[in-house]
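Here it is, the structure in full.
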Amino acid sequence: MTSTQTFRAAVLGASGYTGADLIRLAARHANIEIVALIAKAHAGQPLAKVFPHLASLDLPSLVTSDEVDWDGVDVAFCGLPHGTAHGEIAKLPERVKVIDMSADFRLRDLDTYAQWYGGEHGAPHLLPDTVYGLTEHYREAIADARLVACPGCYPTAVLLALLPLAKGALIATDGIIVDAKSGVSGAGRSLKQNILFSEAGEGLSPYGVGTHRHVPEIEQELGQAAGRAVTVNFTPHLVPMTRGELCTCYVPLAGGTSADDLRQGLREAYASSPFVRVVDEGIIPATQHVRGSNYCHIGVFADRIPGRAIVISTIDNLVKGSAGQALQNFNVMHGLDETTALEQLPLFP
Amino acid sequence: MTSTQTFRAAVLGASGYTGADLIRLAARHANIEIVALIAKAHAGQPLAKVFPHLASLDLPSLVTSDEVDWDGVDVAFCGLPHGTAHGEIAKLPERVKVIDMSADFRLRDLDTYAQWYGGEHGAPHLLPDTVYGLTEHYREAIADARLVACPGCYPTAVLLALLPLAKGALIATDGIIVDAKSGVSGAGRSLKQNILFSEAGEGLSPYGVGTHRHVPEIEQELGQAAGRAVTVNFTPHLVPMTRGELCTCYVPLAGGTSADDLRQGLREAYASSPFVRVVDEGIIPATQHVRGSNYCHIGVFADRIPGRAIVISTIDNLVKGSAGQALQNFNVMHGLDETTALEQLPLFP
Amino acid sequence: MTSTQTFRAAVLGASGYTGADLIRLAARHANIEIVALIAKAHAGQPLAKVFPHLASLDLPSLVTSDEVDWDGVDVAFCGLPHGTAHGEIAKLPERVKVIDMSADFRLRDLDTYAQWYGGEHGAPHLLPDTVYGLTEHYREAIADARLVACPGCYPTAVLLALLPLAKGALIATDGIIVDAKSGVSGAGRSLKQNILFSEAGEGLSPYGVGTHRHVPEIEQELGQAAGRAVTVNFTPHLVPMTRGELCTCYVPLAGGTSADDLRQGLREAYASSPFVRVVDEGIIPATQHVRGSNYCHIGVFADRIPGRAIVISTIDNLVKGSAGQALQNFNVMHGLDETTALEQLPLFP
Amino acid sequence: MTSTQTFRAAVLGASGYTGADLIRLAARHANIEIVALIAKAHAGQPLAKVFPHLASLDLPSLVTSDEVDWDGVDVAFCGLPHGTAHGEIAKLPERVKVIDMSADFRLRDLDTYAQWYGGEHGAPHLLPDTVYGLTEHYREAIADARLVACPGCYPTAVLLALLPLAKGALIATDGIIVDAKSGVSGAGRSLKQNILFSEAGEGLSPYGVGTHRHVPEIEQELGQAAGRAVTVNFTPHLVPMTRGELCTCYVPLAGGTSADDLRQGLREAYASSPFVRVVDEGIIPATQHVRGSNYCHIGVFADRIPGRAIVISTIDNLVKGSAGQALQNFNVMHGLDETTALEQLPLFP
């Protein structure tokens, strides 16, 4: 469905990478008018100062949240850091729809949130009506939601690969090992020594071994699909590239299934999903094939160890892993074609 | 002007990088239907085999030129290597418009061509009616042309920066020094040792010092603007990035002019050109600000040496430096809005 | 033990990356005189033409093997491609010691060799006396060997991490999953499209899933330690960096052991090995910490999945994974201090 | 001359990149014992915490300057930021020799220092006896010096290329244009947004156009050679690599000279300098050829513009451009062979 209606959007966290990518894509969306760019620390500056690559856009300067006339806003995209988002979102008028790219509303269990994010949740009253924004798996709920919590970039890649397999009981959910690799933009724009070019370049380093905050989110969704608690291994690695994420998932097969069954199950699950592409046998997914786009590529391979398979999925962490998925949810929420403003093909080479 | 007319396009050289970027952009052009992909060495293969990032497109498999039904083609985009393009283009029916991204039709002088490209020209009869496709400077001629020769990537960046200054006599044309830097994709997809990751990575190397084939093209255009022969220094460097080109041009000022005058002159020249952006004083252009887009950013700086200035321009070598400019010319040739299918904002980070 | 004796060395395969790194290190070895550089395709050229970074060395030009006076050679380092090495090594006089960096003599079983390397072995008579050159585990045999087959880069990293654990029965050998990552130099210097800068840069791609030739080598050694056939999962990934290799090994614990036990076991195994460093709890190995050096760093981590642990090891694939280990073996074979000419500290940043 | 004498060294600024590279090289110097590592902000931490790649060294933990027993120190290497170094150096006992890698003692003129470094000099009394540490040009003075001010990385590359030409009157000193390119490590280890991997990667950006602090240093030395004030253009660019620096110098020839004359003049000037290599005609210097080493490669090329030539020089900014040159000066100051501990060959690939 196409539409000529225009929705007025505000972007919270406009000076971060997810904010920038949201602006980049939303500025070309036929049904969106960006009316406010919020970035506390840079309030008063023109966008071109913070992001020179967006200098050609005729957009308002950065402001604080207080300066925004929220009566003139229909929808808010939130790219604030976790722990900050819940407070800001709680302050928004109820009539403003919210698409949150932070981690604050992804976990349904408050104790789990407190344990992994180091503090009490600031807006627990909003959680019951929050919809987890993994578009391909929650389309109907998203269409009716006021507040959508977009998945983390890693959970997006992992769950697109494994959720249909867990739901379809094609794999066992004990002993799932996810070796994940991400480009450096996944770490955000705040200044940290390990993401300096001279430190992260020409090298590969694991991080957060056994302690990464995307673990509970993956376990929450897989556990729900399995109908019981699931514990996964999730080991992320920092790769010397800016964009891109690839998860190599080592999974135990359910009795009697094969890699071919898994591929077939994924194909059926995503038959009507324009952005998820289950590649043919023999094709190996690579981050280069999805860079800068909203696509997710998934491949399935037989393991040399009997009874196991390897499922590899790849996305652009800032697009399908964040801003692109946010817009995809926006489209679903507003009855628009799911691909609107997301048709850009991958940038290769 | 928008239009609903569709033009049927063939792409010659569909397995190279410029071909791929042309397909990437043209596939999203509302007025283009890609009907033939020509790549001799890969004839018979699906596009997805050669370029997995384009696997989501529903396009015909690669074929040889002989297999194409040229009656069903309105326009041909040519991304063949120089020395190969003139022969293939000469064979096309006259009613097919041609937008050539190779070097074969850029030089108007046959001797100069023979000297720099090592052989006689294969289609000299086509040269008189060929238009040099630097869109911003030859719009009217391009609109009426049958054959447009798109500039090389380096000449695009250099001439956008210097042509208005030479035409306006704001600079002298003796003693122009261009220190140019390019990403590795500028070297194409053919296998050469110096562009292996392990050789080109983590290092910078000048190449073709004093002998690069883009020199005569730059001198042809600057000489025409100056009304006499011009000799420039052009020294290119290979930079460990895939896309992007930046030219640092050291120019002698014409008597009495200043860096501010140059900036003002450029602003006037490009007031109606949506893709050329003359940045404010103090802003320094960078390839990151135009990556993946059709924009060109130009900055002007005072030199510490009296009587000289520095003009810095940057483009994405595969977009504004090749496939994007080709589409921009297509738009001009067909009376479409110049920005059609080129609205993508730069990809940063 | 230090020595003033000089051994005359020939390098076969002097135009490849392992050859180059061997020359780089051997040229500064007090007990080595490089007397012949063999590279068939480049015979007649000075080394500086093939490797400008070695231009300061006063070494003989490249020659064919036939041109070498083997009477004047004490030891041959072989950096030829697999399938080529066995033939060339078979031709060498028996008095010449051989340190082979190729794959040709790593597998003890001829059928396994034929299966994975696609052909019959050219010098099976040499296999019985060949010693597998994983220095830390075969020191005594290496000291007496005439022909040493240096391990592949991946097996070096994996076996240094897992051999002591398998030998000590600290881990089970069923269900070992190795997710491996390598820099692009591991693919060698021959021209292949996937290792062009524009293809391998800014991206991560798995390859040889389930079919990489280093698998049988890993299984051979682990199987011997376990006393029965072992099947491992080994999934390598190409990382956009030139040097460096990191293996994330997901291992099942033997009943009752913990990550701490594994760390302790590794510490004991390598107490007298100067190049293997078992890092403290909480420290995460990274390729940056060993780049350009002969060191191997190993870290052990508890897995969130009960009964499993994660062992991470990292090396420089061209040094400890090839040329450095070859020199280390040379030192052991000639009664020299094992660290001679290998004292270089990692290059960081 | 070799020696068995050991000198006790302290390193000020041990937590920065130049400090780290100094430690890396000095730790393998036969005549140096590192007795103190000074890094105020990290005092109390072991070196392995700050630089895991140096974990194999058995060195004292980081301390403040006050904690050092300076009676036990013979020589201090200073890698502090400019503006900080002069104060710390002024406090050192006179019997301690000082090799300063900061900018504080490079400029002989106090006004020039104040103008470019934004403040009064903190130790002007030390300037008269300071020797400018461009080893190849000031060997004799360095041998007798107590305080040596090592040149900046850019001035090292530029002056090695141009000083002999200016001294020999082979070039004119009006109209010298230096287009300089540096890897990101040149910007140091302090946290700045533009040197994050996601910002500096896959892109090239000029910076400090017309205002870089290395300009007065270059002009000071060239002016002294020319016997009058010299104004150069110096335009640096940030390149997406960690190490390496390359300066493309566009120079006016003195009447009657040619590129060959310049090459010959450079060869004569450096006939006894082991680290400077003037490459043959046709060879193009590249940062890859000197990476990780103390070498400087220089090439000379004819310009297409009559009366001009191009001189290209390249170094590793952290070695010959900083820590390596510091050690080279240490060797000269202590009567050791100039190459001691600097014999490492370039790391390629």
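Note that the chains are named A, B, C and D in the order they appear, and that numbering of residues resets to 1 at the start of each chain.
Here is the rule we go by: a contact is a pair of C-beta atoms (placed from the backbone, for glycine too) under 8 Å apart; a residue touches a chain by one contact, two chains touch by 3 or more.
Note that this is a predicted model, so its numbers are computed, not measured.
*Asks:* Taking each chain's centre as the mean of its CA atoms, which one is farthest from the centre of chain D?
*Replies:* Between chain D and the rest, the longest centre separation is with A.
*Asks:* For the pairs B-D and A-D, output the one whose chains share more C-beta pairs in contact.
*Replies:* B-D
*Asks:* With centres defined as the mean C-alpha position, give me the chain C-chain D separation in Å.
*Replies:* 36
*Asks:* List the centre-to-centre spacing of chain B and chain D in whole Å, with centres computed as mean CA coordinates.
*Replies:* Whole-Å distance between the two chain centres: 39.
*Asks:* How many Å are there between the centre of chain A and the centre of chain D, using C-alpha atoms for each centre?
*Replies:* Result: the chain centres lie 45 Å from each other.
*Asks:* Where in chain D do residues touch at least two different other chains?
*Replies:* Expected reply: 17, 183, 185, 189, 198-199, 201-202, 240-243, 286, 288, 291, 349.
*Asks:* Which residues of chain D touch chain B in their complex?
*Replies:* Checking each residue of chain D against chain B gives 174-175, 177, 179, 181, 183, 198-199, 201-207, 209-210, 215, 231-235, 237, 239-244, 246, 248, 250, 284-288, 291, 301-306, 308, 310, 312, 349.
*Asks:* Mind pulling up the chain D residues that touch chain C in the complex?
*Replies:* 17, 20, 24, 27-28, 51-57, 185, 189, 201-202, 242-243, 277, 279, 283, 286, 288-293, 295, 318, 343-349
*Asks:* In their complex, what parts of chain D are in touch with chain A?
*Replies:* 17, 183-185, 189, 191-193, 195-202, 240-242
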